[in-house]
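Have a look at this one before I ask anything.
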Amino acid sequence: METIASRPLSLTKTPFHYCPGCLHGVAHRLIAEAVDENGLRNVMTGIAPVGCSVFAYKFFDFDMAEAAHGRAPAVATGIKRARPEMHVFTYQGDGDLAAIGTAEIIHAANRGEHISVFFVNNAIYGMTGGQMAPTTLPEMKTTTSPYGRKVDDMGHPIRMCELMATLVAPYYIERVSLLSPADIIKAKKAVAKAIKYNKEERGFTFVEIISTCPTNWGIDPIKARDWAKDNMLPFFKPNCFRDRGEGVE
Amino acid sequence: METIASRPLSLTKTPFHYCPGCLHGVAHRLIAEAVDENGLRNVMTGIAPVGCSVFAYKFFDFDMAEAAHGRAPAVATGIKRARPEMHVFTYQGDGDLAAIGTAEIIHAANRGEHISVFFVNNAIYGMTGGQMAPTTLPEMKTTTSPYGRKVDDMGHPIRMCELMATLVAPYYIERVSLLSPADIIKAKKAVAKAIKYNKEERGFTFVEIISTCPTNWGIDPIKARDWAKDNMLPFFKPNCFRDRGEGVE
Amino acid sequence: MKKEMICAGFGGQGVLTIGKFIAQAAMQEGKEVSWLPSYGPEMRGGTANVSVVVSDTTIASPIVSQADILVALNQPSLDKFGPNVRPGGLIIINTDMCPHGIKREDVVKINAPMSEIAKELGSLRVLNMLAIGVIIGTTGMVSYETIEEDLESFLQAKNPDLLEQNIAAVKRGIMIGNSK
Amino acid sequence: MKKEMICAGFGGQGVLTIGKFIAQAAMQEGKEVSWLPSYGPEMRGGTANVSVVVSDTTIASPIVSQADILVALNQPSLDKFGPNVRPGGLIIINTDMCPHGIKREDVVKINAPMSEIAKELGSLRVLNMLAIGVIIGTTGMVSYETIEEDLESFLQAKNPDLLEQNIAAVKRGIMIGNSK
Amino acid sequence: MPRMTVDPTYCKGCGLCIAACPKKIIRFSDNINAKGYHYAECFNQDSCIACKMCYVTCPDVAITIEK
Amino acid sequence: MPRMTVDPTYCKGCGLCIAACPKKIIRFSDNINAKGYHYAECFNQDSCIACKMCYVTCPDVAITIEK
Amino acid sequence: MSKVLMKGNEAVAEAAIRAGCRLYFAYPITPQSELIEYMAKMMPKVGGTFIQAESEVAAINMVYGAAGAGKRVMTSSSSPGISLKMEGISYCAGAQLPAVIVNVQRGGPGLGDIQPAQADYFQATKGGGHGDYRLIVLAPSTVQEFADMAADALDLAYKYRNPVMILSDGMLGQMMEPVEFRPAKTEEEVQELAKQHENWCICPNEDGVNRHHHEINSLEIDPLVLEKHVNNLFVKYAEIEQHEVRCEEYNINGDNEILCVAFGTASRIVKSAINDLKTEGKSVGLIRPITLWPYPYECVARALHKNVRQVYVFELNKGQMLDDVKIAVAGRCDVKFWGKVGGIIFTPGEIKEKLLECF
Amino acid sequence: MSKVLMKGNEAVAEAAIRAGCRLYFAYPITPQSELIEYMAKMMPKVGGTFIQAESEVAAINMVYGAAGAGKRVMTSSSSPGISLKMEGISYCAGAQLPAVIVNVQRGGPGLGDIQPAQADYFQATKGGGHGDYRLIVLAPSTVQEFADMAADALDLAYKYRNPVMILSDGMLGQMMEPVEFRPAKTEEEVQELAKQHENWCICPNEDGVNRHHHEINSLEIDPLVLEKHVNNLFVKYAEIEQHEVRCEEYNINGDNEILCVAFGTASRIVKSAINDLKTEGKSVGLIRPITLWPYPYECVARALHKNVRQVYVFELNKGQMLDDVKIAVAGRCDVKFWGKVGGIIFTPGEIKEKLLECF
């Protein structure tokens, strides 16, 4: 008998510490598989953010760095510039990347750093217990928008892909989701493409991954996916915003 | 005899400390006139940035605050929220707004704070002696890009208006220039519109003003304007990106 | 009088609430109290525990290193905190989740299949109220009346339908406590 | 031997360069030196000055509060630093820009219409080289040869055409210095 | 014949694989693992078509598929 | 009759008004101000048409136009 | 008002609102998030402003603005987030702005952990930011005190136009204790408070033509002016040192053989140990600094009664306040230190053991 | 190598490159901008990396990354910019990363001015960031020393895997003095240096299957683990305290009636005054701490010869190192302080006057 699907080598044996049904785990697997498939495990390094995925450094089985909240792109820049022979990605949540780390992600992208960014958007601050994120939807209740996100006062959700696409340098920008097996298979392609471009030193690659946070949304994992399909996808439309490798501008 | 043009009341008697021919002075005058014309002098407050215009608090004759480098939009938020009866603007350079202050400007804009932002883009760090700014043009030489700005390494100039226009909340976004009397007259209209919308509490207004830095560009004020016309305007195209008051989206 | 108590169990078992009700009631009865939860890593899961001190005089340290009372709703909690109970102290054990018990002869042990009883009473959710009952039934730390009052005002606001079930659980707990 | 000098003037007059050439030459001649500029607000304009110390022994403080030599290229500089010259010290005055001079009888004063002379020599830009000449002509702090050498290697790289003009200015300065 | 196995040390009983399986051959076990979760198990290996949907959805990468 | 005046305390002699004046009636004065600048002056008030172009361009708001 | 059982994080927020705080800007971080969440819930109810800022940097600069507008304003965070505020705090100090900052400390350095610690003492008391400035630093040791300090901090901040930091920790933030709140200020009182500052703050100019030109600013490019400004700050600081030193003496008397010094959470544990030793006939005193700046040097010196043969400093860090105790003791007695780090709180038993070693 | 006349800002940059620094990340600020500009010019010539970061925060985090990759890396700024780095510096300390940070101090607090000051002593030596950590802090007093310290800082940083700060000021940054540079490391030597760290840093795994999994990290969520980690840091710090204390004794002898303590720029002025007094037959000694942390407590204590009746601390601030001197002196002698602030440097004459008041 032949094993046709099992834990990729680029994942350690440590079980994820995520909540049951949390899709961070799926995103991890996709990255790990892409690293394996591209044969990069010996020259890959990832930057864990501050957020639920803070322990990502325990889960990926290659060199990892843990960055200060929001600063993963700066840390990645430092590593990539110091060791151009390494391939570097950051893994960041929506609070990390789109709030405190706004400047760092925009300027790393603008410099066209040769790194990949995996941006897991679950519309909330998972780790700290469900506060509003920059990507929280209008009227959505969180612990810091207890009466719903009022856009006039608290701002509108920010669409990072659209914003990044105003910059000249990024080579590849795509938004995908993990809300069904089919979506995951599409997401896998995007993640694999980013890693491949990374391997080929094409430039800055950015994949936004629409995810869930069953715990802080207060619903079970399956309902969470449905909620995200109905509410997040209409606003955060999956789309390839740029792919210079395939002539998409 | 009637005086038909002279120093507006909203300017103090203090001479500007700018270099001869520096257009920061023109931008100041336009704002002061707009404040006078809208009768806001008693309820207006401006936030000076860190940059050549750091002393703006000495030049405008109404209450002023001096903000930390890049943080003027946050300071403006604090003031406006604390005293909604006041009308608040920030005055910021390209280093201040588009480098260190990237996160603050984006999030103040995204919240739709009821403030006006006057963004003076001279493609360089004037105050500290001519270092590269996020808006420095490709191949342009500065003290920190002594061999010219190499876009592959140092990034492309950032177009802030285009970037801000990806956000939902801003009410008015326009780019103007000060490179000829005619341009100045157009710029005056944009500045006046921003202040008027501010008075009417319409929302967040943003005017990018293309300017010069004769000193750090190393050319005289008249050549500086020509250089900017030839080099900056093709990249930073004057345009009204949004004007909800007139249905421009 | 000074009583130091630890309540411990899995995340969802409501141990923090047990502590809160006891502390709240004791405060209303004129005691000094403190309630100190463990707070886990910035994410879900794992175990939870709370230290409660009730005293006639000012409470210096809210940390309970030697407990008078331990409420252990699962085995890991019993293993972890069991040894810290003062000789002569009390351990309340949810036998459903503590298959191995604890080997100590110098303490009073109350063993009850609390999860089962809670389910019988209608829902695992009343496990914590059951535990409160056992505590007051055994120790008389606070009076039943105060707990009832607090439960009423708490559930009135949140979910009046559940009041009866919860009160029944407290009462059943008291019976268990009294009987030992 | 220890000489403390201040050179001061408007921003564009090249006072920092005067100081730099003197310090550089003195260093090459085996002296200890320090060069400390004023640096203005983070923007243009205004006045500039530099403190230079040349000594046979280690220089403790680079700050010149009592100068042996003052080179004043304009009136504000003369007004500001004139009083800080040690009795018996030397003040080199550009009379073109110092219409009011200074009232001190306890110092040696060298008055020369330096701006005019510089223009005569071809450009206001050589004002600083003229001043260097005056300094070495009066004090012999450093030798002409070293300055010439430095000028050569400096301008060779940057602008060989200007060399002659600059050397002429230094020489003319020395003459002025010697003559007093 | 395909074989799907769940490693109980990883499974958190989220149920996503159960929803994903086109053959509906996954269920929660009566047993619990060390963390207290009723983990998933395949109760009908014979029907498994090795489509990998369960593997693809599993956030805890607890599943192995053999063929 | 229109009148343009430059206040020497503000003028820095940048020359932008000179370039802007359609009537070419502005020049640098021979005098210098306290900061050492040859300030601008109108040498032919009679020709001034009060178009305000000088005022509009002046970065130091040194100019007053009367009519 | 009767007592309520409340978490420190929530009690301090409630007390701040009652004391007239109507603006709050912060960014979430454990173990202070209940504070921001409480503010999110309650500020809209009192017509106040709550903004979850994009970062701690933005939050402190919003505070700078609101304080510059003369309104009662607060921010809070925990250790790493407080580090990000250092530039802004230095600006507030320089511009003499009445900002109140709550630090619910956790273990460091770096990301560290989220358990209680006292390892930001240096940062709070010795200028974590650049330049010569001082924060008034208040260190609560109970939830009641934590709540009371919200009002005290706001009062002090406005009295001296100086930023005030409340240096608490994860234990005080997370634990519940009975609190009795001071009466809430009425809306008129809150308005009145803001009015008092209209002689310097950013505010409408109601006099019409006699415009005011108020400047909120920390820049003085002329060194002579900056020198004067900094010297003025230190005149103010001297005044604060004279009037605002606060400390608690616990069991201090002529019999003390050991003098302990501990603040905040650590002091509670030390008190337990002292009580215990008392029953064994051993006399140990405790100085608990309540203001960490101005530091109660004299209280410590005064408590060095003749029988004291050991000064013992206990902190939940590697010995930071220790420096100040050494300065206070000035060689008159040996000073020992013991502490725990990483978010671990020592137990009364451990302290007792340490103290017994000295008998 | 013969001497060259160079600005401190440029000399330190040149020396760093010679010592193998190949990555530099910073943001412009007066009075350190010549440093960043020199790096912008020279790094491309040696195949190194220069990035003008989008902010000081980004710069220190780039340093975190590059140091984590085992390469020699530096950043620099001046006071307000250094405050913004506090979180990042605490992270570097926690993750034990060899980062070198140059602070060319200016007057504060807030925006302050751009003239030389020493007002960031507290920040540099007492944890401006959160948590228990220490930076090695070197204080140059000449351009030569400033340059030498670039190499020393890089060496120390890697020797101990600890961040090192060079605490200079606007005067040292802006002044020119003769410098003699140490020989430049060859490209092979630079490569070799990086190799030495491949047992812990982020780097390609050349062993193929025997992959390594290196982690650069400051998070330890289990308090017991964090405790151990912090305790280990302090074992390292104790080692540094034992081996790396550096100070200069100037005119220290048994005749001293006054003992001065001053560092950096201030010490130069004090030396002038001491020389002057010597000619008048008055004996004054000076301890100049070169490492501000580890602080030369013992040197100060040892220099308290029997004739000393006054210890005098001079700083370009309001009295920050003063705390450490008091700790060192431990009450054995009266300690006085005098300083200037706001970017004003005192003159030898002023110091002399202050000293004469004590005779």
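We just call them A, B, C, D, E, F, G and H in the order they show up, numbering each chain from 1.
The criterion applied here is as follows: a residue touches a chain if its C-beta (ideal position, glycine included) is under 8 Å from a C-beta of that chain, and two chains touch if they have at least 3 such contacts.
Note that this is a predicted model, so its numbers are computed, not measured.
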(message) Quick check on the contact graph: shortest path length from subunit A to subunit H, in steps?
(response) 1
(request) Report which interface contains more C-beta contacts, comparing B-F against A-G. (result) B-F
(message) Please tell me the distance, in whole Å, between the geometric centres of subunit A and subunit E computed from their C-alpha atoms.
(response) 26
(message) Measuring centre to centre with CA averages, how many angstrom lie between subunit A and subunit F?
(response) 59
(request) Between subunit D and subunit F, tell me the centre distance in angstrom, where each centre is the average of that chain's C-alpha atoms. (result) 37
(message) Nearest whole angstrom, what separates the Cα centre of subunit B from the Cα centre of subunit H?
(response) 38
(request) Spell out, as numbers or ranges, the residues of subunit A touching 2 or more other chains. (result) 18-19, 54, 66, 68, 99-100, 102-103, 106-107, 111, 127-129, 134, 154
(message) Show the residues in subunit C shared as contacts by 2 or more other chains, in ascending order.
(response) 41-42, 45
(request) Can you check the complex and tell me which residues of subunit H touch subunit A? (result) 23, 25, 49, 51, 53-55, 57-59, 61-71, 73, 87-88, 91, 95, 202-206, 208, 211-219, 221
(request) Write out the stretch or stretches of subunit B touching subunit G in their complex. (result) 12, 41-43, 45, 47, 54-55, 57, 61-68, 71, 74-83, 85-86, 103-104, 106-107, 111
(message) Under the stated contact criterion, what part of subunit G meets subunit A in this complex?
(response) 27-30, 33, 36-37, 40-41, 44, 50-52, 54-56, 80, 110-111
(message) Taking the touch rule as given, give the residues of subunit F at its contact with subunit B in the complex, in rising order.
(response) 3, 9-10, 12-16, 19-20, 37, 50, 52-53, 55-61, 63-67
(message) For the complex, give me every residue of subunit C touching subunit G.
(response) 20, 23-24, 27, 32-37, 39, 41-42, 59-63, 65-66
